[in-house]
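Look at the two complexes coming up: chain A is in both, with chain B in one and chain C in the other.
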Partner chain A sequence: MGDFDRREVLRGALSLGALTLLTGCDVSEEDYVQKGLRAVSSWNDAVQGTIFRPDHLAPTFSPAEVVKPPRFNAYFDIEDVKPIDGATWKLELVGLVNDKRPWTAQQIYQLPEQELIIRHICVEGWDYIGQWSGPNLRAFLTRVGADLTAKYVYFICNDDFTESIDMASALHPQTILATKYAGQFITDPFGYPLRLRTAVKLGYKNAKWIKAIEITNTFRETFWSKQGENWFAGI
Partner chain B sequence: MNLATKFPVATVGLASALLIGPPTDGRAVPQPSATAAAFELAQAMVPRTGMMDAQRPMPMNERYLKRFPQPVRVGDLIDLPVLDLNSSTLGFVREVVRTATGQIEFIINYSRWWGWFGRPVAVPLEKLGIEGRHLMSLDMSPSDYAAAPTWHNTGAAPLPADATVRVALSRS
Partner chain C sequence: MSEQEQPSPAGLRAGVGESAPLWLSPRTSSPRQLHPLPLRIMHWINALAIFIMVGSGWRIYNDDVLFGWLHFPDFLVIGKWAQYGLQWHFLGMWIFAVNGLVYVSYGIVTGRFRQKLFPISPRQVLATVGDALRLRLRHEDLMVYNAVQKILYLGVMLVGVLMVITGLCLWKPVQFSELADLFGDFQTIRLIHFLGMSAIMVFVLIHVTLALLVPQSLLAMLTGGPTVGDMPAAEPPVAESAAETTH
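Our next item is the complex of A and B:
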């Protein structure tokens, strides 16, 4: 039984073009095609960053529209989720931050919470309304003395997963470090104890199981961007 | 929303191109280790929940527990579509019952035509996974549904809408 894979479909569509029929080659693997695609992707990131409105709010919804439980999604199957020990977990702060002392889950739970009822939009085509709460990321970064003029906020998560967002999106009023869903602490499959939740990015940018946050001016490819997904991924 | 959603020409026209190739545009890219490369390759081929069950046999209840069952209000389950592993609709949840032996079963209106004009079939809770606003039939194939007897209530108690059952998660 075949699994539907968007990238494979697109690649297949490209491959079935006239060139393929003539040459028998997979044109999408050619260097010049890859270079062209990379250039377009980079250009697209730049356009999205330029037209991003940092204070423009995404739509919000009523508690009655919240889907419970949230939909699980990760780069691995549900049966491979590795629970994190919240008692020993600490959030490390790296890079352009004045106060690099690590945070325990209990310390984070003491911070003022912001609630977002927003639509999660997945690049795969599905979406749902979710109710997330936790410290506002701008407030947290300000509290720890992060350089808010830096370019990137880079998230390092369990299992070598990485993700990053531009500083403008990190400082957006609807970007939080989520600790709760529908008023309850998030559970293992959804990123316990800490995950990103932002209304201005596609779902895959919302890093789960965060263990470190780095403030940096150096761009590094992330787990998904290395696999061909658009880095900026704004909505 | 940013303007990208309002000016699709700027982005959407390029989207198909973006989605195919890795966007390395000359920015500093760390060299992946062999482990990381293998990890990413493996990730790209992760099958959806349930697809590898035949290769990893285990008791139904054990597999259910590995899928992190979450509390779900029964009223939120009624009318949810139940999909097979090809995302084809098998039927819709009609009610949730507790059998005389204490098992939770979902009564699904099943038909081979996307659930239309279906007959009730009982499906154990442990064989389903929830993905937002639909359920996946993880451990019961379309042919199992076709072969299942039509359900008749012989002493099962329908659960009220405000009752809670723990449904496994799945990933497509």
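Our next item is the complex of A and C:
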């Protein structure tokens, strides 16, 4: 996601493209157009929630097909990644959770691991097969006494990055809190020490460098949805 | 083509001018226009939908190109930024799919597809292609589609269906994984979706060129065109009878 965004910010200022031609309006009216398009996007969120199959498994692949290392994606370049110190890092729990005691990396590593060899699909169009492992999110949420009837699981990440997913996707059997890639601890660019990896969302929904998980019924826009990306982004 | 389905030359010559009031009472009158009002509305909604889908599709394509040599210029794409292109695409998909569904249902229920598009005989196709190559293609008879037109219209409809299906597979490769598996992996489906767009663009090029070369066909899609009556069968129009004699 990272490359195109910067590129587009530069280019977007120069070009209005066919958007202008189509609507016959100028830049000042663009907010109006955006409002309409975002309303459609919200409608598409609802449609996606309706057609989501909670128990339908995504295709999985063999270890031989795994791409190593994984492909980097963020809204900044790989050189700009700010590593997290795993020794002092803690996972905070917020909102509708009974046991809000924070988790250290070592505690999380003690949990049973699930491995997923699944296709990562980026909204840009590229894809690759990755091998991720870590605790199953449903098992983790159950363990900490999260309200599984709540609507959203919200991730607060390093650098104030935010992302959230619907509860049904969070409880999908192929949604994990990943700590490893291809059997090794995830490296800094890919979300060390903890990231989300789910088989049922586009790449950008898979929050990296997670600092806190909040269980909530309140919808809040996220980093990407604020920019106009579709919030549900299910695949 | 059976005799009964041949429109009357008299009906043809009735022309555009006389047909104007017909849409006021489309159900009661037995004479119908070549392009009834609902069909014209659907045609132009579809034109808008194609415009949105292709323009925004090119914007989405540019973000991760399939061919290194092909980037669509900014002035041709819809959506200033990639996510805006996606927003347009996922608006356009509803217009395209719902309108397309109504159109296909209409074509089947009213018998329009059967009358206009079938049968397609290989001999007719060869004859029409031969005529076209000799620049002898007659298009003044708007009532009857020649074999090449039939194939183009039927073909582009099938491509449209393919675009909806491959579009669903790209949008929801996991939810519709059974469907996606029929086509192959994600990049293969992207390629098919791209080729479908290309086929539609080739169609649009031919379609618009011919509509401009034969302006009364373009006019007919705006006003409804000549009246088709339930009149007695008559001699097939000249262009067609030439083809018929080769049978």
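To be clear about the criterion, the second predicted complex is superposed on the first by the 204 of 235 C-alpha atoms of A that agree within 3 Å, B and C clash if a C-alpha of one lies under 4 Å from a C-alpha of the other, contacts with A are read in each partner's own complex, and residues count from 1 in each chain.
As a convention for this text, a contact is a pair of C-beta atoms (placed from the backbone, for glycine too) under 8 Å apart; a residue touches a chain by one contact, two chains touch by 3 or more.
Since we're looking at a predicted model, the values are computed, not measured.
Taking chain B and chain C in turn and counting the residues of chain A each one touches, the greater count comes from B. Using the contact criterion defined above for the overlaid structures, shared-chain residue A:Asn44 touches chain B and also reaches chain C. In the superposed model, A:Val94 makes contact with neither chain B nor chain C. In the superposition on chain A, contact is made by A:Ile121 with chain C only, not with chain B. Contacts of A:His56 after superposition: both chain B and chain C are touched. Of the residues of chain A, those at positions 4, 11, 14, 34, 37-38, 40-41, 44, 48, 51-53, 56, 58-59, 126, 200, 227-230, 234-235 touch chain B in one of the two structures and chain C in the other. Those residues of chain C that touch chain A in the shared complex are 51-52, 55, 59-61, 63-64, 74-84, 86-88, 90-91, 94, 171-175, 177, 181, 185-187, 190. Note for the complex: chain A touches chain B at residues 1, 3-4, 6-7, 10-11, 14, 28, 33-34, 36-45, 47-48, 51-53, 56, 58-59, 67-79, 81, 126, 128, 160, 187-189, 200, 218-221, 223, 225-231, 234-235. Only residues 4-5, 8, 11-12, 14-19, 22, 30, 34, 37-38, 40-41, 44, 48, 51-53, 56, 58-59, 119, 121-127, 199-200, 227-230, 234-235 of chain A touch chain C when the two sit together in their complex.
Chain contact summary for the complex, chain B toward chain A: residues 1-5, 7, 10-11, 14-25, 27-30, 32, 36, 39-40, 43-44, 46-49, 51-52, 63, 66-68, 70-73, 76, 85-87, 129-133, 168-171.
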